[in-house]
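Below you'll find the structure I mean.
Per-chain residue numbering starts at 1, and chain names A, B, C, D, E and F are given in the order in which the chains are listed.
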């Protein structure tokens, strides 16, 4: 039986590793594409994963300081996904 | 405490913002405010220069934070001289811009002009190296706007390259600053001087690279070969008043070299000793040669002047690179000369451009232009100055530099390049002048079909087409030339001033003391609390340490 | 009269002709004459003192630091030359008054002439070699203007440029020489230099100085091999040729050799260089002169020849030679000037200077004939004319001169030259005036008005007077010679006399005159031989050299500055790598002082992603949209890295800026091609790749080096951490640094942003006002477009999200002083909120509902920040000094009020305004023809069931109705 | 009266959301926070009123709460289901298909919520809307019967939304 | 003490669940074979993944810090924006014909994305002859 | 960790330089952006790398990372954003004028153009 505090640390390590792997897999999708649709999707995923990472960072360091950063990532990730999509759909993203 | 030091920075900035906010739709009001601002700037600059002329070094702590923790401005002889030179140039060029109507050919000319001045003034006055970067960026971005003022594909194309090149330069500047901070842990120039000296000579690679990277940054600004490539097209394509004002921008680079490499990395410093001495003089000479070869090799009058700027910067750096008192005071004399001469030439070339219309500035004959004799005479005068022929200040400057180079090991090469490139410049300028101004008479004569040259009566002095007399433009040009004459006639007192300035540069202790150890500053008294607030809240901030910081952290 | 005034008068007077030309030619010429006359009188007023044995001086400091002072002195030599310059100047002015035609700009001419005169007087009266150089170059410049005076003549322009180039080159060389002399002696004062013969001649730099100074003299005085410019300067109006190219300017080199004679002469170097050059020049000029058909060209080569003669005399280094030189300078000035004037008269009257079209003029122009004959005979060296006397002295001197071994060489060559000299002199008389009168002159010639013949007549009177009564001139010559010798040699005993008995010189003279007559008799066959002989044409060679130089300059200039940014950037990179590498490898370093941090799994993944994305970007950069997507990913990783390395503010800033940048780039990409063509060859790619990798390796190494070392001294940021709360009232130290410790940086930074927006706006205006406008309006999208510009879901979401995001922006602004955030990030967040609205319903729709001018927001932001800074002045503090305190408004808890917040508000506004103005500008570019602002927020709205498609009628109705009622009640 | 209210409180619901958001941001419910949040909650909708010209009529809070709970539950289940499918099912075994959902809803806000709900819940993504807004295009990751999916959407979500909004 | 242990276990569980869901999202992104299928994985799994992590963060804050509900805001944000992002990406997929063509809408002409603007004069996207 | 960081700076620098050497303005601008990333990271690192010590003052905490480089990088990010925006629009203007987005100017001396 693993000690509970050890379990917590392990969970953190696991979470970091899983997120790192998730990011790398998304990165692979970005590289292989094949279409720009997939790449936008990969970017969108990576932004969400990055938010997860920042949250993890906050938990690991026991601080709330990164909260606004995560919030802004969420806002801006959305805006950039829409911007790329609008570019493909309409060319002019703010027409 | 005097707030005058900061006026050359804040006044143009506030004025520019005011013009953007309030009078951007009123061209005439913009002009009035712009001129009034520059005139005030000139008065303030003269006051500062006068104040510094007895060797006083004035320091200004922004935000009342002591150096090296906050940013300081420092007014010594060198910086105030540059500020004054900028103000003088700015006024004359502004008159030209208004007279020629250049300011109306695009939007926001006056705001950008004021911001440009703010950047230049800040760069001359700041005593903090990162703040210098910020002011470089201010003056650069304003220069981008001014350079592409009124648009046009050719100008935009040149502008793209100009901006891209300077983006590389700015990147390099940041690399250098990062290295300097990583090595010394400070950004204040006076503080740097002390800390660089502390660096262990056995572990000096970092600071050496930093010193060289920084020098390269300034070399870009100063258009020293082989980092001058941004200059020809951007100066040639820039609107004339802008190009004329840009005359001072290359000097910002030279100023920064003078400042940093006498204060922070002086030539006798062991850590960085013998570092740039090896190649700065050769590259300065290469720049001089390349510039003057360009004067001969170009096919366009605008580019010709641009190349002469490169040449004159090479000449200037030849003097600076010696890092001797004689060399640097010669360089300072040459700075003033070259700034005024460059500006005059760009403005005169614009008069030619305006007269030639569609014929442009390509070096070839065209029909005589209105007021051609007058413009030719002005060009001749300015070209004499630029080529360093007597009797104008270019010659005096050249003699000073030649005389100073006698002390360097490379004296013969230096002399050969200086004199040889002078000759090339003479040939280039005379060729251009005779093509642009004299050959038009032949064209006119051929048009009149006179068989024998000496009988080409009609061709000798054609009645020039009537045109508006460009009063403001001529005022500006003649003003610049008159200043050149004054610079020549008063060479004695001027060089005495420059020698004293050089002495101040070579004995930086008063500078460092003025910045780091200012007299009459009581650092124990903390000014950063308004008395009212402290009184209203006796348990408030005054006595706080960081232990109860969380209380106020809400919003 | 002070020497200053004598020198200054012509310069000051130069202003008058140009101004007075309006008052008429007579006034103009009269004024010029009066100026010269006054200067001459002023000069002569100093004669008594001079004759008393004093050296007249005038000194004023100009640039004492350099030793360049306006010191003037007049000794015999100076007085002699100055009188010559001013005296002949008077004659030239009188002559030119008649010579110049009504269509010549006389004011301009006399202005240049007086400038030249002043410069010449300056040269001969200078007591400071640097000042002398000033005047020296001024003669080059003024003569450039005078030679090119007839701007319509290509020969004039070319001649002027050639003269300027050659004499300018000499002048530049002389600068070097004079500076060396000054360095040797320790003073640039001529009177001091002249005292130091031994010092100078013993110095190792004597020879370079000598060569450099002689280069100046030879070019100015048209000595071989620089003689070729002088004939081409003959394109100038004849008064110019007479003045500059016979009497004065070309004598400046001679003058200087005479001036420096005491210190430079007497060495083998001096002797061989000067004598040889003089002798060659003398012979060459004489031979070529004979075969020239243009009167002025003949005279020009004759001048070259005579200058060679004088040079040779100075070169011998003997006192007698110097005396002969002085005497010949005087004589040559008189007869040659007169001859040029007669040539001008003939040209003026007969409208040709071609000897082949002349002849028999003696009956038509008797006065001219007499003048020309006397002067030409003097030139030929016929007794009773002054030329004979000095030529005899020269021939005498040659017999004592031994060059390169054989003692007959110099006399023989001299006789040979003298023979040709006599021949061309006779030709000038014979082929122009004698012989058959012709009926095919271009115009029927006759004697000119008195104004034109009186000046040369006056000179011929001198020719005869000196020729017959040499004792009149002898005291002056001896006086001047004494000045030349300057104590370096004693004045020779010899006297100037018509008859010295049968000397070798006399025999040589007889041979020369007889031979000259024979040569002229054989002229026809000789000219055929001459013209069939191939010989180098100096002008062609010179022009070829210049053209080659220009081509070389063009090749260098265009090769280096070829407009290729790619090349510039490559050179930039290599230069930096080289310089930094030099600094690195000449420095020393010791082992790292810090231990490396362990690598965390997430850091490794981040590194892999960053490197992977970057490489992928490089590989796929030609797909521009893909490149932008990858850029966003790199930005994302960098932001996360900032957060990871304890920089939450940076993470937030980086990601916000990233998104705004991407939006701007996407807006731009809409106009640009979607693909970058592959243009570089594999070799170029490899080259670029190698440079890039070297740069990257250098960056890696340097970064690693710095990261592994501790600070040498504690950093200043310890103070910031310590005082952020106490002195700055905030716990977010980064923000306190930004708005307080280094608020001035931030002030500059928001100005940069504001300027950026203004530039973008101004450029958009310029584009829309220019030829690009039509193209923009009629642009066809370059790819298929989808329907549904403003999707329902997005619009609905934005209605809720934008206010929330605005609130987040306000929150981030307010907390920035104590926690991550601040005005800058808040500005970007709010800007992005507005961008969301733009993306939902379109720019036009959103802008119609929003009327804050973005210019105003920028201006207000900068003013707010600046005024906050200025506010500190009123409490007696420095710009940007902050103040803060804690306020409690019951019943709320206390909160902080800081002036830094007002500054941050300025930052906020400037950032917001700048971003929005930039977006607005892009959007204006994107507006195509017939694109109207939509009436509705969303394209498809089922609740708007029976509303027809967007139509103009509805549009108008909608506009007139209550704005915003875009849905029927249902 | 309504007009007066609209002129200073255009979107009471939005104001409520904003006050809650402010309290969440400030991380506490103190008097100062609430007062300040309310001020902002009133000012911001006023400043942005032009962008949301017309709000839907008032919504019954109880029904909204029920709807939210259902959706949250569905999301939890959906995620597990989708995760299971993603991890276990081979691509060719997935019966992914398009589903068209004819709409009875007309209020844009309601349609948007429906579309969002579809995307957030089991194996379905709202892909598009028909050109006049009467139909949603939904993509199902693994569905034997598109009609069943459509019916479930209509009965489980659209019906409730129609009750809330119309 | 046991309370803290319990909380740590809860946090650990939330962390593991959240991380797993995010990983599954990325696995799906990589594994699934058509753009529309791929769209399902990350937009769903990632939202719940971040949600669980945020829940862990909240619990952590309440247990060891000042307590915080801010995370709800991020969660709300992601939940609200994810469908819109998905909608746009799906539109891109449809527009670019990346998946099987959608069926005709039963009661309208076509799907809005496919309602490509025509180029007839007077229409917003129509070019104008110069 | 330091080596990872340093090599990341190096990779960004190399990629940035490579793109700067391309022939069209668009990749060149991307290249300058990459260089900006590189230099911002470098400048950031001049305070040395620290994990878990953001410079936000908290009671009882004494370990903070160096805040000054962060402030400098913030300034640098903002400035380079302004610069990028300007160069994008200038390059766009040049492209719209000539329908050519080459970064190299074939006729800087204008002789060919006029000939």
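The criterion applied here is as follows: contacts are C-beta pairs under 8 Å (C-beta built on N, C-alpha and C of every residue); 3 or more make two chains touch, one makes a residue touch a chain.
Keep in mind that this is a model prediction, so the values were computed, not measured.
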**Lowest number of touching-chain links that must be crossed from chain A to chain D** = 2
**Item:** Topological distance between chain A and chain F, in contact steps
**Value:** 1
**Message:** Counting only C-beta pairs in contact, which chains form the busiest pair?
**Reply:** B-C
**Complete:** Per-chain C-alpha mean nearest global C-alpha mean belongs to chain B
**Complete:** Distance between the CA centroids of chain C and chain F (whole Å) is 36
**Complete:** Whole-Å distance, C-alpha centre of chain A to that of chain C, is 59
**Message:** Distance between chain B and chain E based on Cα centroids, please, to the nearest Å.
**Reply:** 54
**Item:** Interchain centroid distance [CA atoms averaged], chain C/chain E, Å
**Value:** 65
**Message:** If a residue has to touch 2 or more other chains to count, which residues of chain A qualify?
**Reply:** 16-17, 19, 21, 23, 36, 40, 64-65, 71, 75, 82, 86, 88-89
**Fill in**
Where chain F touches two or more other chains at once, the residues are 20, 28-29, 38, 40, 42, 45-48, 52, 54, 56-58, 68, 75, 79, 82-84, 86, 90-91, 93, 97, 103, 105, 108-109
**Request:** Can you tell me which residues of chain B touch two or more of the remaining chains?
**Result:** 130, 134, 137, 141, 144-145, 148, 151-152, 156, 160-161, 164, 168, 175, 178-179, 181-182, 187, 232-233, 298-299, 546, 549-550, 554-555
**Asked** In their shared complex, at which residues does chain A touch chain C?
**Response** 13, 16-17, 19-21, 23-24, 27, 30-31, 36, 39-40, 43, 46-47, 50, 53-54, 57, 65-66, 68-69, 71-73, 75-76, 79-80, 82-84, 86-95
**Fill in**
Contacts from chain C onto chain E in the complex sit at residues 774, 777-781, 784-789, 791, 793-794, 797, 800-801, 928-932, 939-940
**Message:** Residue numbers of chain E touching chain C in their complex, please.
**Reply:** 80-81, 83-84, 87-88, 91, 94-95, 112-117, 119, 121-122, 124-130
**Asked** So in the complex, which bits of chain B are touching chain F?
**Response** 130, 134, 137, 140-141, 144-145, 148, 151-154, 156-161, 163-164, 167-168, 170-171, 174-175, 177-179, 181-182, 187, 232-233, 298-300, 303, 360, 362, 546-550
**Asked** Which part of chain F faces chain A closely enough to touch in the complex?
**Response** 52, 54, 56
